[in-house]
């Protein structure tokens, strides 16, 4: 493995961990059955957040377990190129890379995903793998609800990370990110509830709030209700309807920008990254939401999973008021 | 699944079974770490034999277990397009397709393969899956040493097929096809020995004869010695050195044609198909070897795993004497 | 030519015949004058119907005349891969493959087609070429109005097929499919009228009903009037306005689904295949129309000429009510 | 350099001069940071006009200064292939080709351009380079406001061309074409004002009329006001709102056609070419505007910078009334 | 059709005529049966000569008959971009473009061609189509033996061109260019003999000299014998063995350069163009042969049919002595 | 600009600086005049060395000046993905990226390069830009003779870096890397001589030793002579003939491995990186040469400019003895 420039970890802003997969995509507009080639992307909710934060000038690190194969290196290269510190990631022999196959749809044919991630190297993450020193050097820990769905040892790793983060005073954010192809709402609810209670900031999609936690209403109502349940700040995203947040002493909402979607994946992760970036900078909640919404809107205009934008582009969009979705 | 035209199986020439994988290949001359796309091929020793036989006018059927996913259908479509009967193949939900990743090398960098085929649908083939009626309607059964390497149930399926073939008077050919990434020579030897004894015709590479069965010498010497051990016809291939065969009442040898290699995979399968084709037609062993050598030579000039040639092209190559490799 | 698995034809559901061409398409969004490459598709109204039926589990056979060249084999491979029986098709030396060039437009520039199909092998189909035994073994004969436009011998072949179908009790469906680049409305009317009279089921586009047979009104009115003229069931399609049918003891209509068009070609053929599929299964006319409309809607979301869908996808679209076009 | 067929210049219709660049474009929908390849186009306002005129049957010549390198030859080949006379163009050693990089956007992310044209061979055009004999043989001189922005010697070359054109009785048209990446509105205004006064026909975008010359109102009002200022015919284009013209004894307006945009670049040049074509043919101003609008609409449906249409296509669009944008 | 800059033809160096086809090529290393796309080239012996001459600074014109379709325009654009005058070429409606399909081979699989050029627009060239004024303005007429093979009217057109050339004092060169897929050696001999007698310069491949005219021996011997038969200068090419010429008062020979072949097509045409170029400049025969050999060698290193080189590149190759093939 | 993980620089192994360009390459086998797309690579002698060292586990940093544009970020991403620390690199607005165009040749047509790097951001590097703290934290400084060729301020920057390195006890290696398109041998000799004297290790190609310093003989003789002149270790590379080194108390030589070249660029840089890697590890000179030769051989089998290998691959090649070039 190549040298990681910061082996003795510097002070970090954000530490995150999880699985990144190689996504194999049939070239648009072909179906998989028609494909003679597949486009390869690196895709993972946590790497999406880390890359976006690094592009915005934050010191971000991502930790995972990757096979010591070309595919594993390809994934590490992808994340590292945007300035994310991957020096803590383990490279293991004789294991497999998580994959998934994506076919983009067109109405009335839906886009579809076929996971092939069982028994991946990342699914074998365990608490003792954690780079504790690096984690402790960060200001913020970010996790998602996908990792606990992968395996009991992954779930345990998340709990261990939170515990260590608590000890060292990190803020902890959690994105529920329910994946119906991985588990049932009941399983997810039982497993994810403790994370929602533990988090200082919870990100949750409006439809997941309803499906997992039976909290209905509009995003603002859901955010308030979930805040009452869990205690921390809760940010509910509702796609083109914008987002709403409810915190201890504050509540805020934002509209979504008008977009023409190039690729939908990663927009929620871009939103979370934008919010975390501004909260790290001490901005008020409403500013953080706007920043997240702008970043998510730009992401939707970009192919692949990560928000390859510059900070100026985000700020320019906010400044021009963009073309906010009025209703 | 689409309709298979010959659900009530017609009289077949050759029945074969095994795993076909989706091969994901970095576009030449790129390494996998550099690849933004992967070329997809369908690759399996037995489908290579079946396709070549169908192209030569033989009635060939292939049996396997495929996931009921776009990748599974893509594999079936690929084999079926060349006229192979795949009506016996099972489509199963919730299982995975065997994959492998290929990186083509250039001296001094070798070509390399990374298998990702564990737990594939095909690895779960079991005796009771066999389409016995279809098998019984054939004249010839062809198996390879790859299938028994996949799982005990695959090994048992091979034995059951041979037993059924015996009952119905089929000729049985076996291609040893040792794969060092799947098992050790010792394991392979123990498992494959009974197949070699049972076969009417054994195909084996010269290097495998040495590595697995410690039979050395040139191809002719190896063929003779293995024939003495196993009793059936033995055909030893030795790459650019040609091939040699030793049978009950006959021995033969052939030279290899001069080739410029486009893709090496599948040449051995093309050779076996060519030999089987001519033996089915009652040709003498030496004719069969020449035909196999010509088919293999043409395959080496073709991208992908199968010998997409016409019978006239094979015959024209033999007729012109080609540009035989003299030494 | 490779072996066809079902040389002695099994009991078939649907027999069809006609020309399939190689379609050479400038890559979007380029004009032909800008193209350095052309995408190759296999395109023919009857093969589109046969493929869709085979994908839905029906036993379908297609008969034609193809040049014994790589292009001819490419066409046969394409159709065969989806499970259509092409064992009756003739391969002839020294003839040419029908071609056409397609340039996709964007408003206000229309899509345009340049045919180059004169003197194709298929245009020389003649009655004595017909695989009568295979035809007789089917339950349903499907023809289109394109074939009689190709040559007098093609027209005669269609009449011979109908006559043989009558003798053996097949249902006969006919899709008018008027092509203005091949002949005038007057020529088409004179030639196609006998087919419309002979057919048990006629498919016709609303605009063709008006242009060829001077029957106007909405689709339901046109269907009723044409039924009165011809005696058989008449199904009139009207694009985004849906379709209507009028039969001896029944009438029905369906709406079109909301779609985002990827490629328009082949939607009518998918509709016909969906209707035929359900009629073969004894479904009521209204069910058949809905099924056809769903299949056509899915086809419009797919590149190329054929409806590469699974039966579950069609049924899921119908079940969810899709997003039916209300007005 | 290859032979130019018409070295002794024949009677020309239109002479134009300016810079054509190689445009390097990230493949849609990728950002430049994601691009592994760049598409190469040849792009220049004046070559766009010349190509469109040649396609419409006019004898058009383009003059420039190109490096004697493969990129310079590539640019000349591109223009020449459509029948433009480039025999006057100078090929100079040791200079560079003007380049620009284009990234196509998707809302809310704008398309962006990065010029890399400083010190290009074309920026060194000087009056003594002019092929005066060829210019004098033409009926019409067309220049744009981009050329004077490139360098003082380019500005001087434009003035010299106008002076020579005056002497030989050519009509002179000028397209203001303000480029904010090249200079400020103040600089542009000062430099371009004399050209606007000198021109028989001025083309100007409505937004440029406002930004440079502080003339507001709708296109018709702007055209009238600018006509009063400059004396010649003034044609103001306003995108989807159409265009308006005001001349000595005439005024006219046209609507824009409904389009689905493939590539926006070059539409204004196509419009100018269409207008010039019809004015050369003696058509009334309103006809010329319609023709220009139709040509621009077709251009918007075509990739690249030039209007690759036939005269029949333009006339067919006008004849069918197209799908004019009503409001 | 776009304007041709030199409608009233200027003084020309070389006038040629013949058919140019669109060549559709399977992307290497695929067979046609495997191709999902075809690369499009414009290919014709005479256009190859004309383009090479224009690149070398000669004034060359090509005359043909092209369909007024995008393919016809694509062919004209291709030739025109390199500076060849195509103003005499006729564009006709309702006819077809000659096509051929090419599959590149790899030993032992040969490259193969499938013509689809019957009934092309060019095959209908007739004497009255000839642009006599343009022909008369040239110094040299070049024809090949392909054109008379296309149709009797093509043959007559060639004879008419020669007659007109004689009248106006043009030198006439003829390249025998035997195509076995078009006619038999006997037919070719009978038809081409008068052209060989009429020509001032004949180009012929050594194998064609043997097959058509039963003149054997090495190239020098063949050239001498054919010169005795026909009276004019005869230049015999013999691939990697070089070429030899025999004229009234002169004889010469040249070696071939060492090459690594990218694409073989067009090398003979490049050779002819190089020889003609130098003969036009009054160079001795031996210089002309060397120049032709250098141009042909460079052509072999270039994809497509034409020799896209600069004069400096040819001269540099000759000056360095290249890496001449010694034996 | 995104966050660089190690802003406070950690202890480094190697610090290097210089220009990296975007290389735009015509897709093989096309000439630039034929190219519709260009492949983009990031190319620079010093980044090649840094990447190879990082892949081998060394802590490497690269310093430069890049435009704050997508192309500048693309270059930084490329280098960073392989684990090189680019945190010291300056991003400047309003400047241009160095470019070059490459056309790959085939005998007898040579590969050719057209530089377009004048006035690049990197050419404006100046001593005060140097990240002195980062430089001081390294063990080794590596420079090449390309940087002083770019501008006087670049030359001064190199001298400043050496001076600072001296102060902090770094080893200094210098690769002469003469580029004839940038300057004459005389200019290069005068400018580079002081660097050769200052360096602890000099890398120089045999042909450059002759052309610049008039030192002839075989590599070993040249190395000895140059060592006597300059005092430091001198390593002379001689392509397929291997390399030789002469140091204070040691001399060594190595053979080149047999290779099939995919892309020649970057092999010398890979060699230097391999040697530096092993010298940093305290290996004897002969080991370092072998390691460098193996890394260079692997690089030649890889597309692009950098040696994307793993340490195991290098060691495996050395262990198997590879297929050393004997003579």
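Structural remarks
Per-chain residue numbering starts at 1, and chain names A, B, C, D, E and F are given in the order in which the chains are listed.
Convention: a residue touches a chain if its C-beta (ideal position, glycine included) is under 8 Å from a C-beta of that chain, and two chains touch if they have at least 3 such contacts.
This structure is a prediction, so every number in the text was calculated from the model and none was measured.
The chains in contact with chain A as well as with chain E are B, C, D, F.
Ranking D-E and C-D by contacting C-beta pairs places D-E first. Inter-chain centre distance (chain B to chain D, centres taken as mean C-alpha positions): 63 Å.
Centres computed as Cα averages put chain B at a distance of 47 Å from chain E.
Measuring from the averaged C-alpha position of chain B to that of chain C gives a distance of 39 Å. Multi-chain contact residues of chain D (touching two or more other chains): 31, 33, 36, 77. All chain pairs that touch, listed by label, are A-B, A-C, A-D, A-F, B-C, B-E, B-F, C-D, C-E, D-E, D-F, E-F. The part of chain A that touches chain F in the complex is made up of residues 1-8, 10, 13, 53-61, 77-78, 80-85, 87.
Those residues of chain B that touch chain A in the shared complex are 24, 27, 31-33, 35-40, 69-71, 73-74, 77, 96-97, 99, 101, 103, 114, 116, 118-119. Taken in their complex, chain A has these residues touching chain D: 257-260, 262-263, 297-298, 301-304, 308-309, 313, 317, 322-323. Within the complex formed with chain E, the chain F residues making contact are 29-31, 33-34, 105-109.
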